[in-house]
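In order of appearance the chains are A, B, C, D, E and F, and numbering begins at 1 in each one.
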């Protein structure tokens, strides 16, 4: 064929992806999604409808999968591409709340070393998943199963819950949400997050002692300049 | 009157209903909603917005009640029709999030032997309901009370959260959702669910040992035939 | 100035507000939102999408704050107006799910004696907030941070999640929702709630003993009069 | 086989259905959904999210079809079962907004004499459908196409947008929504609707002349008895 | 009675209200909701889910009505309080999409001189309402009728679609939404709107001639100062 | 600086972008979103909540802009980058329904030759925009204005309503929705769409003549093989 295979087409599995540095991803995960999101310049956050099925905090490298509504065939294709430390990021080509994932797939993903699933659709067996300790962030919980009929793709760039995810990007997820950090930015964002968190400890102590944010952040002048009026 | 009383009209209470076999319903309940839903041929599931107010897993026979928005009068009429092992399935004639049900009605339902409530509207006193151990699946939680002014019906066929429920049908509910099994199909579905679950145990062991679903389900051929391409 | 400063304009902070009686607010809080809402004549309830980030039950006096989408500047202005026993009620001028509030602001609010936050938007650091024991009712959870660029107001009347809140009003919040009691009505509503709850204990005992609501509430006559028909 | 074929299973097409009387359905359609819904005793209305893609008013007899998310295979099976005067009522086994229907299927349905489509999912080619004059009520509009991979059923009872529809039932749809009238009730409901409408003409004239509903409906007494207070 | 009648309770009709100046309200209406909303300081807008059932632009003085879910009894009580130039603003005590209003009530309201209805719920007979030329802004369209069983109030302050409305306030509504202007602010807001619109005409001409907003608003400096970087 | 400027950061404007071929984009636009979406392999469609404010059909090349909630500053920056034939694609960093765009900005965009706006937020002045003939696809309509305080970016890759858009990509939008075609794929997709449409004309004629899709697509065999059963 003269036409090269597009990496953004359906029916493609990319085997070799450049994963973000494992150590940096690990460190990034300790800060949590809110701090990382700020360190990113308030970018990269998935929509807030993405919720953990059980309270959890993880980080890992994205293996992406693009699925059709009501069809989880490519989940099994994705499983083979997993390496320890990966997080599966699943996008759907149209809104769908079906349960694409349950305890069997979780068993398989865990056996491959995966750390979590982030899916813009539904999952099921949520009690079992909690008992297994496999974290999941999803849009819905649904007992509705799926079929295996149509090709999607694995490890192409996907849009999951409003965020662009390239395979190998770092994912940081906790009870506040899910943030995507481009693989190339992981070290920079980690450093910015560390700096931010260091400052927060100091601020927290001051605020706990009764210092007002108004004074700590020197807001009184700007507020007055903006026209704020105090009345009795 | 020459016109016979319709069983689908408002203002009707049907006293004698054919309940699904109690033992079979009990057995069905152990499989959980996802397995039962699959055993049904992926039918009978209520919309995924139906959520348990506290984690729970139950099964029982449906006593149905049709209510008007903001009016829970018929809940008291339904109470009298309850037998041990029943689950009240409450449908509303228009979308409503009011709190139709709280700890008093739960006390009454429990005294009658009811096992749970499934309601396409809101409930309240959720902390007390948790302490009482009475499971509820609902669309909303709301402190908003209801009035007692308009007739609905008890034990007529109702549509609850998108699923058709006849009085006496089996209800299986857990953290994944709520499934309705027609009374006549309970034994067949139970057997299909048992078969399905037996197979799952074996699959789970294989997947845990690192066997891929691709191989266990013989998917490689069909995927290739469908045109799946692996690239580097 | 010939034009008096309007108390409902942006850019205004009202320093002295008439808070509902602390003891009465305390007593009110023990009844929970459902009973208080009924005692109010089924008025004053915020929309049921307002959910606690962790199970909690509190009451307090409202310090109100009006914010712009994506801008939490006025939260710091509100902090200075807090007194022990207050609950911050935050309204936004347009729908927004951003995380306006996290552990730092919670530290500051707690240092000022605030009991809770009720916000018609998102919050973050929810795990930390749980560990700190600071209760929050919100529309969303989101790691998305906010800026500090535009003036809102503090202690003006606001509409929060569909309910009108004047500064100083009593707020009662629990797992069932959030109710606003006008400061002037606190004693009356407390008494009505107490009377209601006293009756409930008695009813609960009867229902637990198997008495039907149909009989306890003398509903059989009205139901028959309304045309209810029993069939076999 | 000892097990009879269930009429509610997937993979079934029922060829002969008892359609509501054509003339009565025609007459019913002139009243519009609001009047018919009232004449039904405020039953049988689909959820209000069902909207016409273009302003229209029709009635007809239901040919039902049950489809899977993202799969419109059974639409073609349904086409063969259509007779002049039918309205296709399409339900989906799980929430889906895909475009199941466009100008080609509309051409086929029109050639068979169908009057409209009512679908609890999405449609596309809406401009062309308007030009063709084929009325559609749907949950969504979406260019997203569907596949043809999984069996559903035709002419089994379905739940569409919260309403139970048996094949052959009368459907009345206009800009206010979609109402289902059981085939056996069509004459009774038509008569009740006619009586209702006759009364409305008289009421309309009085109200236009400035008579108040308070007086026309004799509400002043009941309102006073209910405790209504007029203040200045 | 020692307890004075509260103006915010259920079961109250206030007969005499202070309406905003009719001429000023008329003038205000010509600017449309977006300009008025800006002139208000970006306050007073109802939630954007409030949509006109037919394209329209009106202004008028609010007669408020508070209703219960599924109950439109007070609409008739409100009709008697209407004067020419009024707009009925209807709030519901809990979320409801029922059709509270149709052509009969519209006939009555028009006979009383009302200009429009703004309702945080559903309406029906929308085709007839269009033919009658009676403008309506609502949350939903639904054929579902309502009952007449429970007291609400007329001409008390209400929260409608997130906005606080006092009886007599000015309402400005068009295809962009619904804005509430407190009666006391009508002249000031009208003047601010007029000034704003005068400036817009000039700006429009410049922009049409190809002048960039960047230059017209002198944004280049602030953007550079904020750190904006141009790259190739 | 040793760190290169990232093209995906906030505060960046890319001046030179590779636009898809104008003639091919023009041709693509004639097919409409549904056909183009199919020709893409059912990829690239924005979420179906994106709706035209007035019926329209256009195609053009994307100039992208990333904005913050409630802040439309970058719209003016984007205006300068517009060339005849462009369509502005506006993404927001968090869900927002504010009215970012009205008749003034439309005047400016039209003066620059822009063909349309696609925005994952709200717009206002919709009646004026209709009169001006400037097409807009949006998530909401809202009179709520925005501020100009925070930097976003222009001509970076953005996620708009769930679809990834690179500057220069082709946009095809009509009453069915909005599709994004990567610049590199425009010719291929145009050809596939043309082929698809050619086939559709033939199919349409057959279906209009009464041929069933069952026969035209040779579905009877596969349906039987899948187990479809016809009953009487």
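Keep this in mind: contacts are C-beta pairs under 8 Å (C-beta built on N, C-alpha and C of every residue); 3 or more make two chains touch, one makes a residue touch a chain.
All values reported here derive from a predicted model rather than from experimental measurement.
**Q** Determine the shortest chain-contact distance, in steps, between subunit C and subunit D.
**A** So the least number of steps between the two chains is 2.
**Q** More C-beta pairs touching across which pair, D-E or C-F?
**A** D-E
**Q** Compare the two sides of the subunit D and subunit F interface and say whether they are made mostly of the same residue numbers, over half shared, or of different ones.
**A** different
**Q** Of the pairs C-E, B-E or B-C, which one shares over half of its contact pairs with A-F?
**A** When the residue numbers line up for over half the pairs, the pair is C-E.
**Q** Please tell me the distance, in whole Å, between the geometric centres of subunit E and subunit F computed from their C-alpha atoms.
**A** For subunit E versus subunit F, the centre distance works out to 32 Å.
**Q** In whole angstrom, how far does the Cα centroid of subunit B sit from the Cα centroid of subunit D?
**A** Spacing between the chain centres: roughly 26 Å.
**Q** Calculate how many whole Å lie between the centre of subunit A and the centre of subunit D, each centre taken as the average of the chain's C-alpha atoms.
**A** Result: the chain centres lie 42 Å from each other.
**Q** Could you list which residues of subunit A touch at least two other chains?
**A** 42, 45, 48, 68, 93-95, 97, 142, 144, 150
**Q** Which pairs of chains touch one another in this structure?
**A** A-B, A-C, A-D, A-F, B-C, B-D, B-E, C-E, C-F, D-E, D-F, E-F
**Q** Which bits of subunit E are touching subunit C when the two form their complex?
**A** Within the complex, subunit E touches subunit C at residues 3, 6, 8-10, 41-43, 45, 47-48, 68, 93-95, 157, 159, 162-164, 182, 185, 188.
**Q** Can you list the subunit B residues touching subunit E in their complex?
**A** Those in contact with subunit E are residues 68-71, 93-98, 142, 144, 147, 149-150.
**Q** So in the complex, the part of subunit F that touches subunit D is made up of which residues?
**A** 32-34, 36-38, 42, 45, 48, 51, 55, 57, 174-177, 179, 200, 203-204, 207-210, 212-214, 217, 219, 223, 226-232
**Q** Mind pulling up the subunit F residues that touch subunit E in the complex?
**A** 5, 7, 11-16, 73, 75-77, 79-80, 97, 99, 102-105, 107-108, 110-112, 122, 124-127, 140-145, 148, 150-151
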